[in-house]
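Note that the chains take the letters A, B, C, D and E in the order they are written out, and that residue 1 is the start of every chain.
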């Protein structure tokens, strides 16, 4: 599957983003934050790639790079066989039409001074010349698609609840029938009951329109629920990437393992002794030559300090970057069943 | 100190722009010759004087000349006073700055307690009164306040001297007059700022420690609400000096404002230029200082 | 036709919002300002006397309730025997004109440069605009106006132009700050991901969101301009007769404060009341223009 | 119950009603007839959607309601005495020493202007004013070490913005521990944190609870956190407690349709379902709550009766209370 | 504050301190480089001249005891002996030569134009000088009696240079310089060795109080002894207040309305000019606006000035009916519109005049001109057909009428007037010269290139403890002020 080039919608290769920052002290040298430091992955048409990682690990930066909100320091993003950073203005507009985004904060991502109708039709007004009647019609279709109704058309964002707003964002994102939607923590701010509504909606849309998703989140359970494949990010790098089930049953990177361990149980009966990772993620300004996880890794050896592991496909469709991968398969209890 | 260097570097273009604005205005204003001569002087008299003063050169030459002189510290000579303009200005600067600082103290003295009071008694009669007074204070022309204060507190009830700048008592009425508007503005600001801080979670944290309310207000609320107040002082400073122009006239205060008015009346443009420049420079310095205070006060900036 | 309905509906919405969000102070402000504006417009038809005609023999007539007052001159007459009430009503015209037009000039310049500067924050455009702003802000407005007035001769047009052209910097700064923060909000980012042009983003997303704080500050600016005019009048450099402003009336009366208090007191009151009302109105507009502040919640599905 | 009869509970909240008066409008009831107890050494979790009144409940207990809010009914007994009748000063003296609190936002719950050490020292000094400055500082650093902050001496000298979220939350816990309180209220202390950090903080709180026997009220909207840490659980909906049970009871035999809804809506690592079962609709607006059962509009099991009758909190079995007219019988969850 | 004279041990005489409040500060201590009257008013107490005017305008001796005309271009002055400057230097003829030649030759000095007529000064002996003019100058004595002809110590001045000299100036006047706090006050102290007699006051303060109401307040609260230029509105209040009164005296300023005779101007029609004259009720303005503190006049050369025509003084024409008739006769059926530039210092009066003109059907559009702009606009001939001004006459001479000679502001031209003024300018025969000026005044009254309205009076608020009679020249000779009984 992977080798089928037709199926690959988006390919990210060696992507780096370094932010220059001023540091105090009289040092003249330019300091940089290596927010994204050599990230490669691909997304196939119609699939969902989950990206998980700690706060500050560079997830949003990757998303912004794909959305062309930032210029990369290095590397390329190829969408439908075109490098998106190397195109004419016209091509660029075409790409922008094909990739859409849903943001985390449903309160900040909608212009408070636009009505629902204006919000969902804005992409159409930018990219397509449509008559007013068509726009009105389409606005209603879109709202209905995400479970909102006619009476919502002329409301302002503040008149919607958080969940409804996120539906609006999604309606706006699907307006142009994109091939890829990047969801940056699209459900993190929502209550569980609402979160489930949105997750279901996204799945539904994917089924109906074959849209591919990049689904970025902190919460492993939600990512697991929606993703086909999952990438684990740590300190600006992807440390492991695999099919969902493989990742959860057989995590190879010690960080992945720690992350899975840290997820609280879904039932008090499954409480367990956890192996907690100690300490904090490394500073992105003074990167080590070695493995980024070395300071917190239980398996770390001398070599890990000097020699950075590469992200390699160790097993089919299972990439990880570690010199000392976790041996035992993760023995999750009750796999496949619910609290019966 | 990188910050300081950067700020100082930014000042230079601003000052250049400033000199250009002022010089252009003054250039358009025409020459002072007719002012300098007696009523019955002739056209010939004028020509003689114009040449003597070097006012027959083109604009850019005069401007460059002016800039060059300025860099050497020469702001031209007041024809009225026959003295270096800068000297005249610096001589009177102290009086204006003292008045402004006194007014600032009055403003701080009034606004901080009142602002805090209003915030703590939010939505009560006290709050309403304080806010009301402060709005009215801003809405009254300051010369009007000054004349009224003289009428009441110097003529009808001779508590304070009418005018002049001789003793500490002489400071009272003018600094109140000048400070009222700023006090009003600051009261509003202090109130808003305290209200904002008081809603912060760390104030709740302090309370949850069992801290006494007075200390919570004094230590956690007050200090944090001070930051916007410091910035407003920097921003309002030019307006304070502007107000001094009027207040000095009312109270016969021998400061820059009076000098400016005389200079304007007599088209003594060297003095006008010097005043504008000096005030702008002071404003910039004050802003820099408040900025530094702000940076010192706020560890978020200091240690980042 | 459909949009017409929605337009009238929007108007109705605005109307109902005004009622819904009415506060006592806001209402006082709105009503007072409305009355003043209406009076200013209909002044020629409502003034009891010709505000310019003087009668030296009737000078210094006190208001009607005082000894020597006369009911023909309700608020009394000034030092050359002109009817104060009529002048007060007429004065509102020029005072408001000065306020409105100067703020209009300053506002347009300030808004334009502020948008430019904020949107291209950090670029050379921003840098150069901000240096000019710094220069302008470093000089007290009154001082700048004073110098300019003397250069260009006092008068109504000069006054409006000069106040307008010297007070735009504060708006630029305000707008720039707002733009800088709005620009980082996610909905602007999202418009960018949609491929929207700069003009689209500025006009559809940024402008509407900075406009409300701008309008509030501009409202206050009107009050400030009226005050500046009165200070200039005090210094003898304001609007010149025969044009009447409250500032110039106040100035006319300043030598009579001790002897014929009414000449200066009524225009002083007029200024204070107007400035107050405008301030109230401004505070209230801040609420009205914020779509988030809406009482009650029809958040739920109907 | 047997345990409870021997000792008076640490905290007992009875029929608490807290209202907020909004300008000009009629006041809204934010906490509505809430009763529960906390025993020493017990972790009681309160779960519920955003806006259900969890924080206001805890603020009512602490006596830290913001302006506009007031307790209009009910009582709060701490170690047997009703603290609502205490004077302001006595109330204050309870805080820190007897009960303390950790807030949700680690970013904003520390004073940005003060160094970490002085914020901890402040809490220490209130409780032990007699101690010397040196001792207090040493104690502060000890506390930081207790909450497992590496390099405590250095951190003590920093300002809040120089710490990561997890570190700040630890500092908050250190502050809360300064007075050796018997009751700790943690209001969503981990919501803003990463999973790994959350696990660290949860472990820390559990450890405290075990070691010192501190009673804990743990507020969260994450059922899995509840599953991890709680002894007993209160489920709140629209200001009311709708279900209260031991954690095992609740997860195995949830009775209220809302609780069941929450469980079904929650994605978990161990479930394999294709589709989650969300609860339809949105949480009600407290200003115009529906008559009858507040959950009625969203409830899949609702009947006519629910429209009008306000359900009472009923004890179904020992220690398991439900506020529902027809609570789900055992097995319903599986049947569906 | 300043050194209050120590009164310890002695009875306070009351002569310790006198404070005079002026609206403006002095601008310089250099009498040769000053054209501001309020400055001269202070400086006359420090410096002496060869000759001076008394309160009524008569020329009387000062440093010169005697003077006589040697020929048409030469005057000889005998000087006072045993006069010393405040620094102790003896006063000699050299000082006169130095001082007069300084102001006559240094073109940067503001008073240079007044003294340019002086060719040189000859020292005859230590106590005799001759002043030689280029042309015959009938006004020389007037020039020499102005404060601008003050005598400075030649040696001392040349030794220290101008800058230092005026930091600490010395003269031969009754009071010597003590301190100048800019924009606050000037302090003078008694010069014991004053050559005439011992001055009365120990210390003199000239305080600066720019705001009128503040100045009045200072007077009312005993803050000052004399407050110059008080608003008419406060005259009654000051008089009624216990302890203060108002002192009035005519000054050299005449309010007048220049009317252009240039072709195309409405006022070029003599009928319009006459109507304007007749429409204005001078007395109403004097009574209502100035509360009586002015005298109607039809000439600029008022009593006390050389060549005054007293028949035109204390009189005015007012006949609105006749004004209307004249306009009607001249064919102005729909009224006339006149544009008038007004020196904004006189706005109030001008507004009333506008009202009066309106009564007879003359619409006056006034443009106010800022005081500081006025001179400029005048020289650039950028004024309207009517110009409402107050004009002084510091030479106390009929030559002020030369304002309307040749290319003048109003474009008035009358060969007869030209000839008369030309002759008078160099006519050393006083009687003849006076007659020439009087004739010009009559012609002006007839042809009205200018309508004179009234001569202003100086309005002084005075503390009852002193006797103060204001002077025509608005100068304060402090020694003329005495304590009242």
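Just so we're on the same page, contacts are C-beta pairs under 8 Å (C-beta built on N, C-alpha and C of every residue); 3 or more make two chains touch, one makes a residue touch a chain.
Keep in mind that what you see is a predicted model, and the values were worked out from it rather than measured.
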item	value
Given chain C and chain D, the chains that contact each of them	A, B
Selected interface, A-D versus B-D, where C-beta contact pairs are more numerous	A-D
Cα-centroid distance, chain A relative to chain D, in whole angstrom	31
Between chain A and chain B, centroid-to-centroid distance (C-alpha), Å	53
Separation of chain B from chain E, taking each centre as the mean of its C-alpha atoms, in whole Å	38
CA centroid of chain C to CA centroid of chain E, Å	46
Multi-partner residues of chain C (at least 2 other chains)	150, 254, 257-258, 297, 299-301
For chain B, residues contacting two or more additional chains	147, 151, 155, 249, 261, 264, 267, 303-304
Where chain D touches two or more other chains, by residue	282
Complex contacts: residues of chain E adjacent to chain C	212-213, 216, 231, 233-234, 236-237, 284-285, 288-289, 344, 347-348, 351-352, 355, 358, 366-370, 372-373
Residues of chain A touching chain D in the complex	54-55, 161-164, 191-197, 199-200, 203, 218-222, 224-225, 248, 258-271, 274, 276-280, 332-340
Interfacial residue positions of chain D with respect to chain A in the complex	49-50, 150, 164-167, 194-196, 198-200, 202-203, 221-225, 227-230, 247-248, 251-252, 261-262, 264-280, 282-283, 334
Sites on chain B touched by chain D in the complex	122-123, 199-202, 204-213, 219-220, 223-224, 297-300, 303-304
In the complex with chain E, residue positions of chain C that touch it	53-57, 59, 79-81, 150, 153-154, 236-237, 240-242, 254-260
